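One structure coming up, written as structure tokens, with questions to follow.
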Amino acid sequence: GGETATQQTTGTEGAETAAASDGDTIKVGVLHSLSGTMSISEVSVKDAEMLAIEEINAAGGVLGKQIEPVIEDGASDPAIFAEKAGKLLQQDKVAAVFGGWTSASRKAMLPVVESNNGLLFYPVQYEGLEASPNIFYTGATTNQQIVPSVSWLLENRGKKFFLLGSDYVFPKTANKIITAQLQAEGGEVVGEEYTPLGHTDYSTIISKIKAADPDVVYNTLNGDSNVAFFKQLKDAGITSEDITTLSVSVAEEEIRGIGADVLTGHLAAWNYYQTTETPENTKFTEAYKAKYGEDRVTADPIEAGYTAVYLWKAAVEKAGSTDVEKVKEAAKGIEFDAPSGKVTIDGDNQHIYKTVRIGEVQSDGQFKELWNSGEPVKPDPYLETYEWGKSLSAE
Amino acid sequence: MLSLKNIESGYGESMVLRRVHLDIEPGQVVCLMGRNGVGKSTLLRTLMGVLKTSQGEISWEGTDISEWNSAKRARAGIGYVPQGRDIFPQLSVKENLMLGLETASKRSKVFPEDVLAMFPVLPTMYKRQGGDLSGGQQQQLAFARALAARPKLLLLDEPTEGIQPSIVDDIRDVIIRIKNQKDTAILLVEQSEEFVRSVADYIYVMDKGSIAMHGKPEDLDLAAFEHYLTV
Amino acid sequence: MPSPLLKPNELHPKGKTVLSVQDITVSFSGFVAVNGMNLNLRSNELHFLIGPNGAGKTTMLDVICGKTKPVSGKVLLPDGTDLTRKKEHQIARLGIGRKFQAPSVFGGLTVKENLELADDQNKGAFHSLRGLRGGEISHAMEEVLTQIGLTDRILVRAGALSHGEKQWLEIGMLLLQEPHVLLLDEPVAGMTDDETLKTGELLRSIAKKRSVVVVEHDMEFVRQYAEKVTVMHEGKLLTEGTMLEVQQNPVVAEVYLGKRRKQDAVT
Amino acid sequence: MDMFILQAFNGLSVSSILLLIALGLAVTFGLMNVINMAHGEMIMIGAYATFVTQNLFISYMPASWFNTYFLVALPVSFLIAAAVGWLLEVLLIRHLYGRPLDSLLATWGVGMILQQLARTIFGAPNVGVTSPSWLNGGFAVTDSIVLPYTRLFIILLVVVVLLLMYIYIYKTAQGRRMRAVMQNRNMAGCLGISTRQVDGLTFAIGSGIAGIAGCALTLLGPIGPSLGTYYIVDAFMVVVLGGVGKLVGTVAGALGIGVFNTLFETYTSASIGKVLVFACIVAFLQWKPRGLVALRSRSLD
Amino acid sequence: MPIVNKLGVRGQRIAWGIVLILMSLAPLVSTEFRLSLLAKFLAVAILAIGLDLIWGYGGVLSLGHGVFFGLGAYAMAMYLKLQASGASLPDFMVWNSVEKLPWFWEPFRSFPIAMLLGILLPALLAFLLGFFTFKNRIAGVYFTILTQALVMIVVTLFVGKQEWTGGTNGLTGYNQIFGMQLHHPTTTIMLYYVTLVVLVLAYILCRRIVRSRFGQVLEAARDGENRVRFLGYDPAWYKTLAFTLSGALAGLAGMLYVLQVGIISPSMMGIVPSIEMVLWVALGGRGTLIGAVIGAVILNAAKTGISEAYPEGWLFVMGGLFVAIVLFMPRGLVGVYHNLSRWWRRKGGARDAKSVVEAERATS
């Protein structure tokens, strides 16, 4: 079972700490897609989580115990995420699970985590409208990424928005929010298109964009489709000077796969870039590259995964126990100096305060920060603080 | 030229041929007779390498070829017209014929005129798909295809099956002509006694997977012969 | 060895028409395989259809049993049903049985199962759910098995039979089907002379109760058993009559029988 | 009018890509009857081969030569994919002729292994290939109509590959041998054709063409371990809709799907367009049960 | 194992009895988690039986069974979701600004109706698809591609119509059935038994069918569809019926699956899972019902086990497994069993062909 994997991992990756972990360890689950289409994104997050675990173990562990990660593969399939989450919680009795990427995987794990009263740390920006008592959300919710970026675009780039996204939950919800916000703030939607997951031909969409002549393409496409979209956008002769695109799912990892030359000048909204200037980030980036190779890059979800492990550690130590209720109680208001800057767990909804950043892709594939929110933004998954947001989540 | 010693072969676990001995001399027309299901076709398939021998030796011009695959045997000069014809259904008639030249000396690109002359319908159907031909047309096609490479030994499995009488006569003439030219030997499976007697130099009769009797047509014991061919 | 039962000049209809083929034309992407063919089949008749390779005999049978749809023409039953408008299984249920030129039995099923398929009288899908397979061998089946000489091979996979055995099995299946009209495409191809004789007798006895159309190239066989012979050539009716009459037709000799046969016939 | 020209071009362009990914399959599946579920992975191999070639150029060639890497990558991806295909045939497929459904099972397994192998060697994330600069930009028909050079290049590439394949399969002795072996392996052997050699070569060629497709796709789309999964269904659709076993059918299938896809997508959305295309395929097959260009056969079944 | 065969048909019955008893004792020895996994495998085995009916016996390869499975699963999930939502709208509908429950959701408030629809909807879809395609004589890969097209259509629609279906997230977030917690140990055990019983019933039903004349015609049509027509059968009806039943069983399997797993999403009805379903049958041994069951259970167990043991390299192992099975056991696990028992018989003295055939039938 999972034990074998654990021994392998601690044996190879954490050799120096292995001796100390005998007998007295705390198990945690690491559950990401290591195979299937989502592995493209999730493997790196897993790597970051493993790095954090290794660092913590090297520094003496949690409550004096070594962390013993149990790795499982969610195989890009929500049902498997549910199954493996159940296995980790029931069979391995892990103290917490770090995992998931797609909203589908999170939604699949949610009832399992709740009914087993476990803990899940979910590291990816998502569409909000959720706050499970058993989940900690370390990625951005909509008011920490989408909402501020739309405001910024309205101010700086223009009023006419073309909304392009993959045909699934996050983009659709995001675009609903954007539409409501644009209506309230004086913008205009000139086109809205969705493409099936894995779509690879954008010639028709690009023709439609050209015909609509927007100021901004707000891009919520999923990983792989981005490659096709941007390559073909460039081939069609459309540069960032002609039309601004702002993406919320294109980070440093994706840029490598698309090619920096194709993306130069295009925008993204995140809470973290590899170039974010904090001492913690310097340390994190160096450690990540040292462990996984100089050519690897860090990115927002990678950082969020890394941060999640440290937040859990802080909460456990404050609680003095891995008991879920105690950890949840202790977690409220915990602060941590993450690579992305200071983050704080919001006791109300178990999301975290994050700094919002808009960046522009440079020719080296890194981001130049154009704007940031100055201070961490309080998470508001239900957009209750926005007048126009009320209608979206109204029951 | 060809000599089978103690051959055993069959399909998977069921052995059809048992202890088969058979010899063919160059230029000779050897006929193989026997009731339905005694293993005549199986013997020809074994000879051609479509079926593996589980025991025994197939000696071809002094070499044991029992381990060779069909292609190698074909290149060594054995031609084959199977029962059921095995035309390539989606290849044109012309292409089917050209495939007969695979083993021809220096891969000649032209189909021999004299062979075509034996089957005058074929050139009129060059463009049609082999599989569309009528049964008899296919049989002629298969025959012509096998003759093209001028094999040293020709294995014919009921070549007159489904052929109109006038062409059966033509085929008989062809066999006799080949026989007279003396450079191609023929192993012929044929059910018509009359036909066999008109062409055979030597006759083998099979029963239950073995050779039951053999001899020159004129030497065969008629009573025994009839016995093995009646039901 | 002419059969004593054959009355050479008997061309007179033995019964009423059971099937009439009218002006059938078949074309395959431009190639006309059958060209305005007519054929009248009477009850209890052993009717031979001969002609050169590629004359369109098989295609003709294909039209009757519904495998090929003609461009024009009709195939009529006495009650006026036009078979060209029916599907294959409907035609079969109307009592037309067909044996193919290349043996076509169900290779994956045993001999017994093959026969059972033919034996079953109600062929509806729902009805078949009720019956169990692998039942006892029916009396009719036993009889047929003896006739086709496969009694001791009932549990053999039909795919493992020899060419000739498959021919027999297929004939056996047809017998069990008890059709009114039997269409046989070269039933004795690949049989020994003796087996051919046996088949001929079998056909003759079958024809006592129904009509049989046989396509054949074995002239000895035709001579022996034919009551009526229809000759096709290039998709058309060439001539019709007894074997003797047909043999003497110079065109038949020219395009079909060949010189030697012609000499045979004359002598 | 502009819109029409653009859509016509888009339709042609989508068709050319569909055709490119399907051509290899038209050989391994259409001709050889191997349900090759690893076809997508052969495309992936071609794409990675292009990536490696690019990197080798960056590392070992003068920078001014960089733009030629793509011309080298085309034959390289063909050869590498062909070599892998050949190996696959020799080690596995060879034992499965006449068992098409088993080949589905086995090649599915091979696909899994190849995907995971790519993940192990190149990492899970996508890798980037920079298009050569001579493919940047486009041919401006009018101000508003710019036909991207990459698209034009792919159309040209497809035409060339198709032509070569056509000549090889239908006009050469080797092609004739190949078709003979695929239709009746035993008989082909009895005529003196070395079936093993032909099998290996044919599968290698089919795989190699998939490799070329992979190379071309680096210009347009993602290059990652799951690359093949995006194209495999489309490739089968094209071959089957066109009519298995006929090269013209594959061309027709690609054109049909490509043009209709573009049309539907223009007037509805990408998702609905996709649904409509597949619905049309379902409806179309009802009408032509053997695909656009049916392989006629007289045989009973 | 071969010993069983030596015991003859009666011995085999006894052996199956023992297996069944062992299966019913599983809850005593297994952890809750493992038991629910096993139940999940048994649930999908029901689908495998149906798939084998149409593929193994009918020779019709469907790569679209994910859809039928999904329809059943969604039917059950809709019921559970409505139960969980009580008087209010299901949560995802709220997020998608749906104001009122769509009319086609209404029937799923009732458990019996939901259950009926979970079987009838996939059966109906299978019937319609089968009826037209088989009547039009679409066969072989053309049919297979058609089923793939069906998958693409249904999945794209389910993903796209997020406000009605939950989109990619699927339907999840329900914990109760009849007031019992789905994850409660007692519920797990009960669901396990329900699944086991349904599986056994499905098996018996299909066994009866393949041993009827219907099964015989179906098999004959697989070998020679046209030939069957000339015997007076209309193979289209036979195939349509088999396909319909197959779809119904897939729906049934989907319903039970949702109860075990607690989620259904479009990714479980897509192309890949549909292909995997075929692999179960192929592995177990196509054309033998028990093979389908064994294949489904073993392959799923292997997937779970191997991915737990080698989360990062399990695809190598699984892929290798497929290749090895095809190369070394062409007729699946059941084929291996037959070979072994034949070998055993030859060692233990010759038997007549009849008993061989009967023994093989008995295990099919």
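Note that the chains are named A, B, C, D and E in the order they appear, and that numbering of residues resets to 1 at the start of each chain.
The rule is simple: a residue touches a chain if its C-beta (ideal position, glycine included) is under 8 Å from a C-beta of that chain, and two chains touch if they have at least 3 such contacts.
In this text, all values refer to a predicted model and were calculated from it rather than measured experimentally.
*Asks:* So if I look at the partners of chain A and the partners of chain D, which chains show up in both lists?
*Replies:* Under the touch definition, chain A and chain D have E as mutual neighbours.
*Asks:* Within the chain touch network, how many edges lie on the shortest path between chain C and chain E?
*Replies:* Each step joins two touching chains, and the minimum needed here is 1.
*Asks:* Looking at B-D and A-E, which pair shares more C-beta contacts?
*Replies:* A-E
*Asks:* Going by C-alpha centroids, which chain is farthest from chain E? Tell me that one.
*Replies:* With centres defined by C-alpha atoms, farthest from chain E sits B.
*Asks:* Farthest chain from chain C, going by the mean of C-alpha atoms per chain?
*Replies:* It is A whose centre lies farthest from that of chain C.
*Asks:* Would you mind pulling out the distance in Å between where the CA atoms of chain B average out and where those of chain E do?
*Replies:* Averaging C-alpha atoms per chain gives centres 51 Å apart.
*Asks:* Roughly how many whole angstrom separate the Cα centroids of chain A and chain C?
*Replies:* 75
*Asks:* Where the CA atoms of chain B average out and where those of chain C average out, how many Å apart are those spots?
*Replies:* Between these chains, centre-to-centre, one finds 28 Å.
*Asks:* Quick one: report the Å distance separating chain D from chain E, using the average Cα coordinate of each chain.
*Replies:* Inter-chain centre distance comes to 33 Å.
*Asks:* For chain D, what residues touch not just one other chain but two or more?
*Replies:* In chain D, residues 115-116, 229, 271, 274, 296, 300-301 touch at least two other chains, as defined above.
*Asks:* Using the touch definition from the top, which residues of chain C touch two or more other chains?
*Replies:* In chain C, the residues touching two or more other chains are 102, 104.
*Asks:* So which bits of chain A are touching at least two other chains?
*Replies:* 34-35, 167, 194, 196
*Asks:* Spell out the part of chain A that touches chain E in their complex, as residue ranges.
*Replies:* Chain A residues touching chain E: 1-2, 4-5, 34-35, 71-73, 75-79, 82-83, 86-87, 90-91, 102-104, 107-108, 110-112, 114-116, 129, 167-169, 172-173, 176, 194, 196-197, 391-395.
*Asks:* Flag every residue of chain A that touches chain D in the complex, lowest number first.
*Replies:* Checking each residue of chain A against chain D gives 34-37, 39-44, 167, 193-196, 198-201, 203-205, 207-208, 210-211, 223-224, 227-228, 231-232, 234-237, 253-261.
*Asks:* Give every residue of chain C touching chain E within the complex, in rising order.
*Replies:* It comes out as residues 65-67, 87-89, 92-93, 97-98, 104-110, 113-114, 116-118, 120, 123-126, 128-134, 155-156, 173, 177.
*Asks:* Spell out the part of chain E that touches chain C in their complex, as residue ranges.
*Replies:* On the chain E side, the touching residues are 209, 211-217, 219-220, 222-224, 226-235, 237-238, 240-241, 353-354, 357, 361.
*Asks:* Spell out the residues on chain B that touch chain D in their complex, using ranges where they run on.
*Replies:* Residues 48-50, 69-71, 74-75, 80, 82, 86, 88-91, 95, 98-100, 102-103, 107, 129, 131-132, 145, 149.
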